[in-house]
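In this document, chain identifiers A, B, C and D correspond to the written order of the chains, with residue numbering beginning at 1 in each.
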Amino acid sequence: MSTSIQRYTARERSNHWVVAIAFILAALSGLALFHPAFFFLTQLFGGGPWTRILHPFIGAVMALFFIAMAARFWKLNRITPADRQWMARIKDVLCNRDQGLPELGKYNGGQKYLFWIMVLCMLLLLASGIVIWQPWFAPYFPIWLLRVAVVLHALAAWILILGIVVHVYAAIWVRGTIRAMTRGTVSEAWAKHHHRAWYREMTGK
Amino acid sequence: MQVTRRQFFRICAAGVGGSSLAALGFAPGEALAEVRAFKLARATETRNTCPYCSVGCGLLMYSLGDKAKNAHTEIIHIEGDPDHPVNRGTLCPKGAGLLDFVHSPNRLKRPEYRAPGSKEWTPISWDEAFTRIARLMKDDRDRNFIATNEKGETVNRWVSTGMLAASASSNETGYLTHKIARSLGMLAFDNQARV
Amino acid sequence: MALQSLDIKARSATTTPSPQARGAIPVAKLIDISKCIGCKACQVACMEWNDLRDEIGSNVGIYDNPRDLSDQSWTVMRFSEVEVQQGRLEWLIRKDGCMHCADPGCLKACPAPGAIVKYANGIVDFHEENCIGCGYCLTGCPFDIPRFSKKDRKAYKCTLCSDRVAVGLEPACVKICPTGAIVFGSKEDMIHHAEGRIADLKERGYANAALYDPQGVGGTHVMYVLQHGDQPELYAKLPKDPSVSPLVSLWKGVAKPLMSLGIGLAVFAGFFHFVSAGPKEVEEEEERS
Amino acid sequence: MTNHWVDIKNTDLVLIMGGNAAEAHPCGFKWVTEAKAHRKARLIVVDPRFTRSAAVSDFYTPIRAGSDIAFLGGVIHYLLSHDRIHHEYVKHYTDMSFLVKDDFGFEDGIFSGYNPEKRSYDKSSWGYQIGADGYVVTDPTLQHPRCVYQMMKAHYSRYTPDMVSSICGTPKEDFLKVCAMIAETSASNKTMTIMYALGWTQHSQGSQMIRTGAMVQLLLGNIGVAGGGMNALRGHSNIQGLTDLGLLSNLLPGYMTLPGDAEQDYAAYIAKRAFKPLRPGQLSYWSNYGKFHVSTMKAWYGDAATAENNWAYDWLPKLDKGYDILQVFENMNQGKVNGYVCQGFNPLSSAPCKVKVSGSLAKLKFLVTIDPLATETSEFWQNHGEYNDVDPAKIQTEVFRLPSTCFAEEDGSLVSSSRVLQWHWKAAEPPGDARSDQEIMAGIFLKLRELYQKEGGAFPDPILNLTWKYKQPHFPSPEELAKEFSGKALKDVTDPKDPAKVLVKAGEQLNGFAELRDDGSTACGCWIFSGAWTEKGNLMARRDNSDPFGIGQTLNWAFAWPANRRVLYNRASCDPSGKPYDPSRKLIAWDAATGKWGGSDIPDFKPDSAPEDGMSPFIMNPEGVARFFAVDKMAEGPFPEHYEPLESPLAVNLLHPKNDKARANPAARVFKGDWETFGKADKFPYVCTTYRLTEHFHFWTKHVRLNAIVQPEQFVEIGEELAKDKGIKAGDHVRVKSNRGFIVAVAVVTKRVRTLDVGGRKVHTVGVPIHWGFTGVAKNGYITNTLTPFVGDANTQTPEFKSFLVDLEKV
C-alpha cells in the first residue's frame, strides 16, 4: 500500500459531512417546494408542512457549518496566477490530458472558484432565506422584499446545486479523491499528480 | 465500463432509494379540493323579526336538530329573509351579528338577588323572587296609594313605584304589561319612546 | 352549465391541465363604492357565515376595525377622507378582500398541489388542508390579501363563499349588503350592471366613474365601481394597474422548468463526461512512486 | 312614519336631517339607494357631522347641532317668498285660509299668554276664530291678515338666508342650494321624503323641529303621497308598538289619554276627546273615542266594567302631572320613589346625567330588572372602577335581576316603523332558567293578586277584577294576548244601518275598529290594532309579498295599523276631484262607477265619501285639514320658533338678541337644582352631540362579540382644526367634560366634523357615540350620558342629548 498524506483532519471531515448532509436535505426539501415535479420529495420530510418547517432549519444548519468551514479554508482559496493558468487549460483537464499543468497548491482553480461561488450562494441563501422564513421573520419584511428574496433564494440555490453537482462529480471522476473526505488521506501519487505544490509542502520532497 | 465495488453500492443505493420512495406512496394522487360542506343542509329554518331597530327586517334562523324529542335545539346561523318586502334578505351589521347576541356570554341564565349593601349577586329561585317582589310592591302600594287628592277628587294612583317597559318586547308583552301596570294604578310608567 | 359549477380549472403546483370539458358561467361580485355606506355588515356576515371571530381590538383614531385583514377577517372596510374637488369632502369606503383574479398570482406562486384552486366559475379558493404555510401566496398576490393564521400557520382569505355558491346561493356579504352596494351574478351581467351605475354616476357629476376590472391580472371576479375610476389609489391605495410581480412570474414561470432542466442537464453532463472521458486516474507508477 | 320603508323608493328627493338613516337604519336606507338608482332621486344630508349617510349623498351641508328650526324656518321663508308651494294642496288640505284669534300674538320671541314663573303658556289665545255656526272662520282668498297663510308668512319673514347662515353655521350658498332643490318638489308630480330620527327628537325644542319639517312638507304637498311624508325612523324594534299600546305615563292604548285629576266626570272626559268637526262635512274620526275607550275597558275589566260604573272609569289612575322618565328620576332623587321595575330598559345608560340617575337609583328600596342581558342598571350598585365608582356598602337598594328570553326564543308581534305588525316564531329554548316577559309579568302579578285576595289592601278592585282568562294563568300565550288586543264581540254586533244584520257574532274576533261599540258589546285592547287577528286568523303572520301595483305596497304582507293602510292621509295624494296628482304613483283614486275610493292602498278616508261631499283628507283632525297653526297642541307656540339649546355656545338667540327669556325654549321644564348643572360657553366652549354608530345598537351589542370586533372601543370625534388647537392627534386619549361629569375616550380626528362660523364666531363640534359602558364583551368605557343635561323637550320631555356644551383636553 502506498503512503498516504493527511489531507483533512477528522474535524474538517465531520464539518464537511454535516454541510453535505444538510445540503442534500435542504436541496431535496427546497426542490420539493420549487417545482411540482419534485413535490413528492416532501414525503421524505413528513409531508408538505413539515418540509416547509424543516427546510429553513436545515438550511440554517448548513449555512452555519458552511461558514465554519469557509472560515477554515478561505485562505487556501485565494486565487493565484497558477490557478488562472490552470483554468485556461480546463479543457485539457476535462479530457484527462493532465500533462504540463501548472503545479497547484492544496486546491486547483476550479475548486477555488467553486468555493467562492458557494460562499456567495450561501450568503444569499441565508439572507434571503431569513426574509422569507415563515412564520418567524417573513411578517417583518415588506412584500416587495419577499418577492426579491424568493427569486434570489431560488437563483442562489440553483447555482449552488449546479456547483455541488460539479463538486460531487469531480470527486467521483477524479479517482482517489473521495477518501480524502472519508478517511482524510490521499495517496502520495494523487497529491503529487493533482496538487504538486501542496505535495511538496506536505512531504518536503 | 468497469463497475467497481464502490460504484456498485452507489447504484444499489439509488435503486433501493427509488423503490422505497415508491413504497412510501410518492407521487400522491390529486389531493382532494372540495368546497366546505354547506352547513345548513339539514338545519331547521324558523322565521323571525330582527329585535333591534324598527325597520323590522325579516330573519331566517337556522337551528341544529329537527325538533325531535331528544335533540336540544341550538341556533347556528341567522340571515335575512329574502321574502321580506323591506329587507329582502339584507341585514345591517347589527342584524348580521345576531347569532352572537343569542349566544352572548352576558345572557342571564337564572334569577339573582342583591341584598342591601352587598357587593355581589346571590342566586334566587323564581318563586322566591316573585314572592319577595310582590311583597315589596304590595307593602309600598298599600302605604302610598293615593285614592283621593287634597281636593277630594278620586285619583286612584300609585306613584311611589314606577316601571320602564321594554320597547323591544312584543306587543303581547307590552299589552299585558300595560294592563297590569294600570290595574295597579301606576303612572310612573314609560318606555324607550320617551328617550 | 351553471353558476355554481365547481369544476376545477386550475390548481396550484400542478403541471397538467385540470379537467376542462365542462364549462361554467364565470361569476363576479360587483362592489359599487358609490352605494357603500361602510356599515361593515359584510364584515360581520363574513365572520358569522365562515365561523370566524377576530380579536376585539382597539380604536386607533379611525373607523377601520379590525384594522387589517387577518385569518379571521377575510374582508375589511377601508375608510378614506378625500377632497378630489376642493371643498367637497368625500368619504370613500372600500371593502377590501380577495379580488379573485382570473390570473391569480397566489395560485401561480403556491408550491403545494391543490392548496389553491381556481374553479371553472372563476372563484379562487384556498384549501387549507393542503396548505404548507410557506407564504409564497403573499408574494404572488398583487393586492396583499392572504393572511396567515397564528394558530395553524396556514393562509386564509375570502372564498367568495364557495360553499354557498356551490348550492346556488350568493356569498354571505352579497346577501347581507343593506344598500345593494354588493351584487353577485355572472360576470357578464355584473359588467352590464356596472355600466348602468357608471352612467348614473356620470349624470351626477362623476365624469371619471369607471369599472375596476384590472386586465393586468386577466380581469377579476370581484370588481369595483369607482366614482373616480382614474384615481383608484384614492380608495385606500387600490393599485392602479395591478399585475403579478414580474419577479414572481419569472420565478414561477420560465425559471421553474428551465432551472430544473439545468440541474438535470448538469447531472447528465457529468454522466456522459464520465462515460466518454472516463475517470481521472493517477498513473500506477505515480501512485507507487 | 306616515309612509313606509319600501315607499321611499317612490321619491324624487330625500332629505335626511335630524337623523342618520344609513347608519341607524341601513336596511331601510336601502330604499333611498333604490330611489336614487331607479328614479334618479337626489339625497340631501344636513347634519353636524359628515355621516355615512352623507358619504352617499348628492349634497351635504353642515349645521350647528340644535339649530334645525332656524334652517327649516328659512326653507319655509324661501318657499313662501319665492312662491314655490303646491297651491291647490295647501288651499284645500291645510288650514292656510283659517283665521286666527285676534288676541293671539308673538312678540320678541314669546307668544301670547306666557308665564315666566311657571315657564308655561296660557294657550287660550292660541286658536282659530270660531263663527256663530260653530265652525272655523276662513278666508279662501288668503288675503286676510289674520289668516294662517299671512300670519305664517310674516312669522318666517325673519328667517332670511343670512340669518339662517349665522345661526346654523351653514354656508349661505349651501343653504340656498338646499332650498332650491327642495322647492323643485312643489310640483305635483315631484315629491320629497323627510327621514328623521332622534337627531330631531332629542332637543329641548325637538317636537317643534319635527313640526317645522312637516310644515315644509305640507307647503310642498308632500304629505299623503307615495314617496313623500314625514318619516320618523324609530329606534327600537317595537318602540312603535309600545307607543301605540300606550306604555307612556299619560297614555292609554291607541293614543287615548288618561284623565287628569279634574276630569271626574266620565261623560266630560269622553266629550273632550271625541272632537266635533270644526268645518262642515268633516269626519273627525276621534268622535268615536267613546267606542275605543269602552272597548279597551271591557278588554281589561270584562264583566266588571259596566255602564253603571262608567266602564270602571274610576279604576284608571288620574294624572296630577306627567310622570315621564325625567320626572320620575327627579322624584326618585327627592326620595319619593321606593320601587322601580326596569323591563328591558337600561336607564343608567340611556337616561341623562348619569350622576343623578345613579344617585336616584341608590335611593330606591327595591329595583327589579328584567332583561336577557347583564345591563349597567342592574349593576349600578357595583364598583366598576373608573367607569362606575360607587361604594356598594352605602347602597341599600335591594336588587332583583330576572333573566328574560330574547326574540329568538319567543313568539309574538312587533310593529315596525312602517306601522306594520309582524309576527315572529320561536326557534330555540332560552338559556338556563330564563323566562319570557309574559311569564315574568304574570308571575309577579299573580303573586300580588294572591296577596290582595288574602290580605286585602289599598283599592284592590282593579287588581282583583283584571281579566285573566288565559288557559295557563302563569303563561298567558302570545296568541291569546294578540286576540285580546285585536278585539272580539261580547254580544252580537249589528250594522247600525240595518240592526237585523249581524256583522260579528258574539264571541267572534272583530274585523276592525269600525265594529267597535260603546255599549259594552265589544272588547278590544288596542283599537288601532283592531283587525290584526280576525276570524280569518292571524293577519300579522301573513307572508304574501306580492306587489301588484309595483310601488311597494304589499298589502297582504302582515298587517299595518290603522286598518292595514300603508300610507297615511293617502286621500291627499289626489286632487279635490279625486284624481291622483301623479298617476304614475297612484295610491288611491275616486271611482265614480262604484262610488268608492280604491287603488294600491286602503283609503285612509271614508271609503264612500264622494269628492263633491267636500270631506278633507286629514280625518283625524276635527278641521279635516292639516294644521300649519298648531292651535294649543304644542307647549311653546303654534308656530315653531328657533330657540337655542339650554346649553348653547351663543349667549343670545340671534333672532331675539335682547330678550333673554327667548334664548332657550321658554316652555322647557327645568327642575329646581338642575339650572346649576348647566354649563356656560366660557368654561365649556364646544358643542357636543351624542349619537349611534352603525356597528352598534344602543347598549346591547357591546355584549355581542361580532359587533364588538367591528367597533371595539369608545371614541369621540373632533375636527382637524380643534385637534390642532389642542395638540391632539388621532388615537390620543382625550377627556371630554361637561358641567355634570367627564368621560375619557380615544380621539378620532376627522375632516368630517367641520368648524362652523356661527354669528361671526368659530364653533367647534365634539361628537360622542353612546354605545359603551361597564358591562359587555367590547372594551369597557364611560357611560356617555355622564355628560348630558337633565332637561327634555317641552312637549315630550325627551332629553336633550343632541346639543349641549363640553370642554375637551388631551389626557
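We adopt the following convention: contacts are C-beta pairs under 8 Å (C-beta built on N, C-alpha and C of every residue); 3 or more make two chains touch, one makes a residue touch a chain.
Only a predicted model underlies this, so the values are computations on that prediction, with no experimental measurement involved.
Novice: Which two chains meet at the most C-beta pairs?
Specialist: Answer by contact count: the chains B-D.
Novice: Using only alpha carbons, which chain's centroid is the nearest to the whole structure's centroid?
Specialist: B
Novice: Calculate how many whole Å lie between the centre of subunit C and the centre of subunit D, each centre taken as the average of the chain's C-alpha atoms.
Specialist: That pair's centroid distance is 48 Å.
Novice: Return the distance between the CA-based centres of subunit A and subunit D, expressed in whole Å.
Specialist: Result: the chain centres lie 83 Å from each other.
Novice: Based only on mean CA positions, could you tell me how far subunit B sits from subunit C in angstrom?
Specialist: 35
Novice: Any idea how many Å lie between the Cα centroids of subunit A and subunit B?
Specialist: Result: the chain centres lie 64 Å from each other.
Novice: Subunit B: which residues touch two or more other chains?
Specialist: 28, 78, 80, 87, 90-93, 95-97, 99-100
Novice: Out of subunit D, which residues touch more than one other chain, so two or more?
Specialist: Residues 26-27, 30, 694-695, 705-707, 710, 777 of subunit D each touch two or more of the other chains.
Novice: For subunit A, what residues touch not just one other chain but two or more?
Specialist: none
Novice: Using the touch definition from the top, list the residues of subunit A that touch subunit C in their complex.
Specialist: 2, 31-39, 42, 47-49, 51-53, 94-96, 98, 132, 134-135, 138-139, 143-144, 146-148, 150-151, 154-155, 158, 161-162, 165-166, 169, 172-176, 187-190, 192-194
Novice: Would you mind writing out the residues of subunit C in touch with subunit A in their complex?
Specialist: 13-15, 109, 111-113, 130-136, 138-139, 144, 148, 150, 153, 245, 247-248, 250-251, 255-257, 259-260, 262-263, 266-267, 270, 273-274, 277-283, 286-289
Novice: For the complex, give me every residue of subunit C touching subunit B.
Specialist: Of all residues in subunit C, those touching subunit B are 6, 8, 11, 14, 39-41, 43-45, 48-49, 113-114, 117, 125, 127, 129-130, 159, 162-164, 166-167, 172, 175-178, 180, 275.
Novice: Quick one: which bits of subunit C touch subunit D in the complex? Just the residue numbers, please.
Specialist: Spelled out, the residues of subunit C in touch with subunit D are 34-41, 43-44, 47-48, 53-63, 65-66, 73, 81, 83, 89-93, 178-181, 197, 200, 203-204.
Novice: Residues of subunit B touching subunit D in their complex?
Specialist: Within the complex, subunit B touches subunit D at residues 44, 46-59, 61, 63, 72-75, 78, 80, 83-88, 90-102, 104-119, 121, 124, 126, 129-138, 140-142, 144-145, 147, 149, 151, 153-195.
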